[in-house]
Each structure stands twice: as C-alpha cells, then as structure tokens.
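Two complexes come next, and they have one chain in common, chain A, joined by chain B in the first and chain C in the second.
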Partner chain A sequence: MIKYSVELENITKRFGQVVAVNNVSLRIKENEFFSLLGPSGCGKTTTLRIIAGLEKPDTGVVKLHGQDVTYIPTHKRNIGMVFQHLALFPHMDVYENIAFGLRMRGFSDNDISRRVKRMLEVVRLPGFERRKINQLSGGQQQRVALARALVMEPEVLLLDEPLGALDLKIRQEMMVELKRIQREVGTTFVYVTHDQNEAMVMSDRIAVMNEGVIQQVDSPDTIYMRPKNIFVASFIGEQINFIEGVYKGNQEFEAKGGMVLRVSDNPDAINKKSVIAIRPERIMIGDKAPPRGMNSVEGRVEMMVFKGSSIEYRISANISDEIIVFVPNISPTMKMYKIGEKVYLTWDPEAGIVLPFESKPAEPRKIG
Partner chain B sequence: MSRLEEERKPFHIKILDRIRASKLLKIIVLLAPASIFLAIFFFSPFIIALMYSFNMFKQVVYTYVFVPRISLEYYIRLLDFPGIFVTMQRSFYYAIVTVILTLLLSYPAAYYIGFKLDPKYKSTAVLLFIIPFWVNFLLRTYSMKFVLHDEGLVNTLLMTLGLIKEPIRFLGTDLAVIIVMAYDYMFLMFLPLYGVLEKLDKELLEAAATLGASPYKTFLKVTLPLSSPGIIAGSLLVFIPAVGEFIIPMLVGGVNTTTLGTLIYSFFITVRGEAGWGIGSAAGLIYIIFIMVLSYLYIKLVGAEVQFG
Partner chain C sequence: MSKSDVILKIYTILLLGIIYVPIGVLIVFSFNNSRNRAVFTGFTLENYYRLLADERVWSSFYNSIWVAIVVTIASVFFAILLSYAVTRYDFKGKDILDMLLLIPIIIPEIVEALTLLLFFIIIGIPLSPWTIIIGHIAFDISFAYLVIKARMAGYDPQYEEAARTLGADELKTFFRVTLPILLPGIIAASLIAFVESYDDFIKSYFTRPGGFSTLPVHIWSMASRRGVTVDLNALATIVVIIAIFFAYIRIKMERWM
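Up next, the complex of A and B:
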C-alpha cells in the first residue's frame, strides 16, 4: 500500500476576488521529491502555506500522513519549511538558528549540540556554528535555512523557491546538493518553483499549476513528452510548435490546409478541433523529400540562428506560418540552410501530440 | 583608467576629482553645519556652566568677571542642601516608573498597529495615536490639572460609577506626576517601538511556528528580542527628559514632588545670583553625568541581551 505524506482534497482559497487556489487535490508520496511548478502568481506559495497551516483553506481537507490536520496550527504539525527569503533569525548565530526548533521541542543541550553538528556536516558547513547570519554568503545562508528545517527531522519539508535568490552557478550546485540531501535524510520534499529547470532536474514528480488550477501531475519526462494541454506544452521546454486542425482518429490529423499528418493517438480528441504539439528538436530538416510513411512538409527558411550547440531555423509552410526547428550541431561539415532556401521537414508520427483545442489558451509567462 | 587618460584630463576636472576624493572635505561639508550649531548652542553654555559650578566667576555689581580659580564650594553646598539625595532618588524613581508605564502602554498598541492592522489603516492609526502630542506641551500638561482635580473628570467618573465614595487626592502626589509624565512622554516610547515592529519581518514569526514554537514562545524568542532596539531607543527618549522634568512636578505636584529639575529651576530662577547660578550649574552637571552613566550602563546591558538573547 502506498503511503502518502501529504494529501490535499479539493482545496480552495480566495483572497477577495482572487481565487489563489482552485479546487486543488494532490497526493504526495512518502520520500518523494515533489515539485509545484507554475508561473508567478499561480498559487504555488499559497498551496504550500496551506500545507504548512500558515493559511487556512476556504474549503477542503489537508492530511499529513493520513491524519486530518486542516484545523491543527502550524507549530503542532510535523513539517519543516524553507522560506523564499529564508527568514533566518538575524539576532541568532548559525548554531542558535539551527538549534531553535530543538529548543522548542525541549531537547537536552547535549542532544542539541550533537544534532546541530551533524546537520552542519550534512549541509557541508562544519565549523560555522558561531558565524552571524549576515556574515554568510547567499548559498551558505541557504544551507543554514535548510539545516534549520531538516534538523527537526520533519515528516515533510516544504521549500518555497529556496534557490530563487542565488545566481546560476550556485543554483546548479545547490540543486545537486538538495537532491543528495533528500536521498540522505529520506524525507518528503515539496518544492515550489517557477523554474522548470529546477523542477526537471530534482523532482520525482511535478505538478504544473496555472491560475490556481493543477494542470498535470507526472514525472518530468512525461510532463515534457506527454503534456496534457496547451498550457503545459508551452510552459515546459524551450519552444514548441502548435498546428491547428481536426483529429480524425486512427493516428490521422487533418491540418488547416487539408493536409493529413500522422500523429500519436488521442481517443478523447476524435473528430474534434485539436492542436498538435511538436518539439522543435523532434523535427528533422533536409533538402530532399523523405520516403513515404514519415510526415513531410515542404517549407521555406525564414530565419536561421546559430546557437552554438544547435542551430535554430524558422520555417514557413502551408500548415503553419512559423515552424521552429532545432538541429543539433553534430559536425563541422553539417549542412546549413540559408534564408529563402526550400527545405523539407520530417518528423515521427509519435512526435506529434494531439491536444484539445483552446480558443484562448492561457498565456504562460516564463521567468528566469 | 590608464595613466595617459589621467594626464590628458582638463585641469578643472582634475580639481573636481580631487575634491570628490577628499574625505576631509566631505566630513567638513556634511558635519560642519550641525557641529557648529551644537558648538554654539550646547558646548559653549556647557563650558560656561562648568565654570560657574567651579566658582570661576565673581559678581561685580551687575556683571560677572572671570577669576582663575577652581573651587568645589558649590558642589559641597549642593550636597549639603537638605533633602538633596531624596530629590535625586525621586527624580530617578519618577523617570523609571514613567519608562515602565509608557512601555507597558505603548507596546501592545504598537504591536497591534504595526503587526495586525490592515496596512492601509496603519498611518491613520499612528496619526490618531499621536494627535494628543500636537497640543502644546504646557497646555496639555495644564489641562491635566482639571482632569485630576478633586472634582475633576477622573474623580467624577469614579464616584458616579460608585467605585469610590470620597474623591481621590491626585494633585500634589507622586501618582499625579507619574500619570502626567507617562501621558506626556508616551509618544516618545510609541514611535520607536512602532518603527521596529512595523519593519519586523513577519516571515520570521511564521518560520518560528514551522519550527514548533507556540505564539507565546515566538513572542519571547523572536518578536521581543528583535524589537529591543525600539525598546532601548524609546526608554532612553523617555528617561532622559523624564529624569530632568521640572514643569510637570510644579504644575500637578506639590511640596513633596521636588525633583532635580525643579531644584535646578529654583536655583537659577528663585535663588539667582552668584550662588544660585553656581549651585544650579553644579546640579546640572551632576545631572548630565548621572544620565550619561545610566544610559551607558543601560545600552551595555540591554544591548548585550539583544546580541545573545
């Protein structure tokens, strides 16, 4: 039987007119690294604060380890939290910050000193006990905040964009560290971020959120390769192509101009107005028409950008004004196409994912 | 910037750069106005009072002439003055009680307004809180005579409610002086407290809660230590004028509420002359030293508490 660390059942939270969290249900497994990913203002922090008990939901139930804690105050829930702005106590040194929770729980001085010392080793800050908080770098403060929460051995650790304030290099280091620590301590992590890269690198599962609603909950590769709607498809990954048309069933999709494309099956979309999503790196480019059986579209190069590891083309064709293609830079003799050149685009049927059409798809805002 | 570029700079730019780089010039320009102001209005009268207290002026008809001597006569006469130690003790006692009272009154209000109140009402609330202090100090204090009078507002109210049969005698007592001092100085405690509490990061309290601290423990371990700069500032702001207060004890107090302030006042205004000014100056200097020592000890003690508490 699967044990769940956190269960949210039909949680809704409004602030005045704004519905910050809209009927959210989630089940987070024990020892899972679970991310809540979405654009700014989509309700991630509010969801996390509801799990922590810092915010009361208007409706719904919060369970921790199977126990209903909806009306239990924060200090009685066995959770740890790392805040977006860390919220380290400025009037205490590193040692006292980490010891704070243990003191609240009435541990003996010996016990406290032993646990703090061990925790400082886990976050790789041994010998920093007597440092003042403002004498630490951003990354070190980050670790102290993590240690302060982890030393309590909480059943669930909630992290709200903890790497947001760090620059790219430390952020990448910290991602690896976080994952290592999570394995080492074996605690459930609920990680809030608007950075898909962070979510992809660390998570076992990701919940993509938009405007208070959970869009999809899946593993990083499924989220990337099998998005369930236009929002997820465009929010995740660098770029994606959409082609409008109707799904006819039997892996056949009729694009706008009447051209039939082979796609992966989606029984829900049969005979409905749909959209196919194709990742730019799944499309191949060539100057000859490919053999039959593959999707093939004739087009014209409108733009070419050399990006180092890859080359980005923008191609116009009759099924779409702009198809983006990424060609990996695999050899110095690789053929490069010039603007205005006629080319053929080819892709696997299963690279085309059929999604329900939305008249006004929610505009994903990408940050960072 | 290369040496060459440096050489090619026009002369006036070089001069300007020099001026910008000069630390001394900055110090002079920024600090001089206030320093000169203080030198004229604080330091010189202070030196003159010091000289008076050491009997360095001699009255000749209507003017005072400088005599090069140092005599402790006025200090000895001051310490021989009947009731001087009781008076000093009383000044101290009034000031301490005023500090405690204003702190107890202001902290919950500053906490509520700075912390719990919807931000859009905050400035209005602060304004309402300090409105009484827009009224001229003398008027505000004098009006207390009517409030605390035997047939004043407080007594009438208490009698109507049937809580007392006889009016309570406030005027002329320690209680009246303390109540009025607390009222007059409360805003000096409230404002710095509000300042720190308003700025205190609420996330810190939430962090404490996630670490298992109850609201009460959070207050003791986080809110209180982090608001201590406000407590220190407020306490000093109230204590310093309170310990030298002379108007309030004169207006609502009586013969038994003499303070160091009223004493100094009477030496300068009532006794006057060479001796009055001399003893008054001696008392004033003792008062300043007293305040300096106490403030220093207080900051040392409470400041240390803030660091490690």
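Up next, the complex of A and C:
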C-alpha cells in the first residue's frame, strides 16, 4: 500500500469574489519531490498555506500521514516551511534561528547543539553558527532557512518559491543542492514555483495549476510529452504548435481545409472538434516531399532565426498560418532554408497529440 | 581639494559653530567665579553648589522627570496600537488618521499651547500637572508614531508565520519574535518622546497650574526675574548634558537597529 504524506480532498478557498483554490484534490507520496507549478495568481501559495494550516479551507479535508488535520493549528502540525522571503529572524544569529524550533519543542541544550551542527553540515555551512543573518549572501540565507525547517525533521517540507530572489547561477546551484538534500534527509518536499525549469529539474511529479484548478498531475516527462489539455501544452516547454480540426478515430485527424494527418490516438476525442499539439523539435523540414504514407505538409518559410544550438523556422501552410520548427544544429554543412523558400514538413504520428478543443483557452502567462 | 569642497567645508564648520559655540560659551561660563557674565576670571564649582542647594531646582527637575515618564509610557503605548492598526489593517479613513497624526508636528507649538489652554478653560478642567501631561501626550504620540510605524512597515508578518510553523503558539510567537523585532523601534520612540516632553517649555508654561514648574519653566522664571546669571549657566549646562546623554543613547540604538 502506498503511503501518502499529504492528501487534499476537494479543497476550495475563496477570497471575496476570487476562487483562489477550486475543488483541489491531491495525493502526495512519502519521500516524493512534488511541485505545484502554475502562473502567478493561480493559487499555488494558497494551496501550500492550507497544507501548513496558515489558511483555513472553505470546504474540503487536509490529511497529513493519513490523519485529518483540517482543524489542527499550524504549530501542532508536523510540517516545515521555507517562505518566499525566507523570514529568517533578524534578531537572532544563524545558530539561534536553526535552534528556534527545537527550543519550542523543549529539546535539551546538548541535543540542540548536536542537531544544529549536523544540520549546518547537511546544508554545507559548517562554522556559520554565530553569523548574523544580514552577514550572509542570498544563497547562504536560503540554506539557513532550509536548515531551520529541516532540523525539526518534519514529515513534510513546504517550499514557496524559495529560489525566486536568487540570480540565475545561484538558483541553478541551489536546485542541485535542494535535490541532494531531499535525498539525504528523505523528507517529502512540496515545492511551489512558477518556473517550469525548476519544477522539471527537481520534481518526481508535477501538478500544473491554473485559476485555482489542477490541470494535470504527472512526471515531468509525461507532462512535457503527453499534456492533457491546451493550457498544459502551452504552459510547459518553450513553444508548441496547435492545429485545429476534427479527430476521426483510427489515428486520423482532419485538419481545417480537409487535409488528413496521422496522429496519436485519443479515444475520447473521436468525431469531436479537436486540436493537435506538436512540439517544434519533433517536426522535420526538407526540400523534397516525404515518402507517401507519412505526414506531409507543404509550406513556405516566413522567418528564420539562427539560435546557436538550433535554428528556428516559422512556416506558413494551408493548415496553419504559422508552424514553428526547431532544427537542431548538428553539422556545419546542414542545409539552411531562406525566407520565401518552399519546404515540406513531416513528423511522426505519435508526435501529434490530440487535445480537446477549447473555444477560448486560458492564455498562460510565462514568467522567468 | 576642489572649490566646491572648500565651500562645503566652510559651510559645515560655520553651521556647527553657530550651533555649538554658544553652548560651549555657556558651559565655560558656568564655571566662572565672577558674577560678571562677560569676563572669565577664574574656575569654580561654586555655581553648581549653589544650584544643587536650591530646593526649587530640585523640585522642578523632579517634576520634569516624572511628567516625561508618564508622557512617554502613554504616548508609546498609543503609538504602538495606532501604528499596528495602520500598518496591518485596511479600514476607512486610514489615510486621514495617518495625516491627523502627523499634523501636531508641523503646527506651531504656541498655537497648540494656546488652543489647549482655551480648551481646558472652556470645558472647565482646572489646570494641574495632568493638563501638562495631556498636552505633551497630544504631540508626543506623533513622534512616537512616526518612529514605530517606520519599524512596523519594515516588519514582515511572515516572521510570525515562520514561528508558527516551527511549533511556537501565539504567546511564544509574540514574546520571542514580534516584540524583540519591534523593540529597537519602541526604545527609540521612547527616547524621543521622553526628550520632547523633558525639553518642552511653551506647552508646559501655558498649561501648568500656579506654583508648578518643570525645569525649562523654572529656567525661564529665573531668567526673567534676575536676567542671565551664572547660576542659569550652570543649570542650562546640566540640562544640555542630560539632553546630549539621550542623543547619545539614541545614536547607539540606531546602530543596533
């Protein structure tokens, strides 16, 4: 039987007119690195605060390790939290910050000093005990905040965009560190971020959220390769192409204008207005028509951008005004197409994912 | 050194001179053994002995101190509540309240003192040490409020939430986290409120009952009766030294904050 660290059952939370969290159900496994990913204002922080008990849900149940804690106050839940602005106590040094929770729980001085020392080793800050908080760099403060939460050996560690304030290089370093620390201490991490890169790099599973609703919960590769709807497909990854039409079943998709494309199967979409999503790197480009039986779309180069590791083309065709194609830069002799040139596009049937059509899909806002 | 640097330096020296030379002269002449104010004839502590033997100096000093203490406690207490409300809550009239709290700092004190006196007369409150205290509180709240509000605005309520996630209940959170973080602001506000009250002359003079003097009022009555004497120099020196002492504590506090 799988053990769950955190279970949310039909959680809803309103602030006045705003539904910040809309009927969210989640099950987070023990020792899992789980991310809540979504655009600004989608309700990630509110969900996290509900798990911590800092916010009361209007409806629904919160369980920690199988136990209903919906009405248990924060200080009696066995959780740790790293806040977006860290909230390290400015009137205490590093040692006292980390020791704070242990003191609240009545540990002996010997025990406290032993645990703080060990924790400082885990976060690689040995000897920093007597430093003042304002004498630490951003990355070091981050580590102290982690140590302060982890020293309590919480069953779940909640992290709210903890790397948001750091610059790119330290952020990447801290991502690796977070993953290492999570393995080392073997604690469930619930990580909130709007940065898909952070979520992709660290998570075992990701919940993509939009406007208070969970859109999809899956592993990073599944989220990327098998998005469940238009929102997830466009929020994740750099770019994606959408082509409207009707799914006929039997891996056949009739695009606008009558052209039939071979796609991956989606039994739910048969004979319904649908959209296929294709990643730009899955499309191949050539100056001759591909063999019969393969997807073949004739088009014209409208734009070409050399990006170093790849070349980005924008192609107009009768099935879509703009198809984006990324061609990996694998050889100095590779052919480059010029604006106005006639080209043929092709892709594996499996690269075309059939998604339900939405009349006005939510526009994902990308940040960072 | 460039020309503008030289001008700046001269300007600074002149400015500090205008402020501190008279105080320096005052202090030096408080040790003068001649009754003649203009010539320094020799060093003596005689003036101070005479002063310390004067019972009215002591009683007015004592009045100044206890009035200032009561004023400080009351105005800091109200300032904490007011700044908590203004920084933590949203309510109607918040901006107006904020403005009303700052006005006492800018209106001329003589106007305030006069209106206070009229107010007490109109509603029939007899003048007493408490009317002085009310008058002082009325504008010390503004100073204390300014300082504490600045401290609270920089205070992140997440500190309290962090403490809660670390197992601290409301009471422990308040005493271990909230209060210590706000303490430097509270102490700074107390020092300002104390000095403002202890220094005050105009309001104390207008709203005091007959026969009750604070130190500044006593100095004024000495000066108006006998002119500026060496005794007055000595007394003023003591007042200045106490004020400098408070300024020093305040600077120390700022470093700590």
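Convention: the second predicted complex is superposed on the first by the 368 of 368 C-alpha atoms of A that agree within 3 Å, B and C clash if a C-alpha of one lies under 4 Å from a C-alpha of the other, contacts with A are read in each partner's own complex, and residues count from 1 in each chain.
The definition used in the following text is that contacts are C-beta pairs under 8 Å (C-beta built on N, C-alpha and C of every residue); 3 or more make two chains touch, one makes a residue touch a chain.
Because the structure is a prediction, the values reported are computed rather than measured.
Novice: Are chain B and chain C a fit on chain A, or do they clash, once the structures share the same frame?
Specialist: With chain A as the common anchor, chain B and chain C collide in the superposed model.
Novice: Touching A:100 in the superposition: chain B (first), chain C (second), both, neither?
Specialist: A:100: touches chain B and chain C.
Novice: For A:149 in the superposed arrangement: first (chain B), second (chain C), both or neither?
Specialist: So A:149 meets both chain B and chain C here.
Novice: Between chain B (first) and chain C (second), which does A:89 come into contact with in this model arrangement: first, second, both, or neither?
Specialist: both
Novice: Should A:79 be classified as contacting the first partner (chain B), the second (chain C), both, or neither?
Specialist: both
Novice: Show which residues of chain A both chain B and chain C reach, each in its own complex.
Specialist: After superposing on chain A, chain A residues 52, 54, 73-76, 79-81, 83, 85, 87-91, 100-101, 104-105, 148-149, 152, 158 contact both chain B and chain C.
Novice: Per the contact definition, I'd like the list of chain B residues that touch chain A in the complex.
Specialist: So the residues of chain B in touch with chain A come to 201, 203-204, 206-215, 217, 221-222, 225-226, 306-307, 309.
Novice: Going by the contact rule at the top, pick out the chain A residues touching chain C in the complex.
Specialist: 52, 54, 73-76, 79-81, 83, 85, 87-91, 100-101, 104-105, 148-149, 152, 158
Novice: If we count contacts the way the header does, which residues on chain A are in touch with chain B in the complex?
Specialist: Listed in rising order, the residues are 52-54, 73-76, 79-81, 83, 85, 87-91, 100-101, 104-105, 148-149, 152, 158.
Novice: Taking the touch rule as given, give the residues of chain C at its contact with chain A in the complex, in rising order.
Specialist: 156, 158-159, 161-169, 172, 176-177, 180-181
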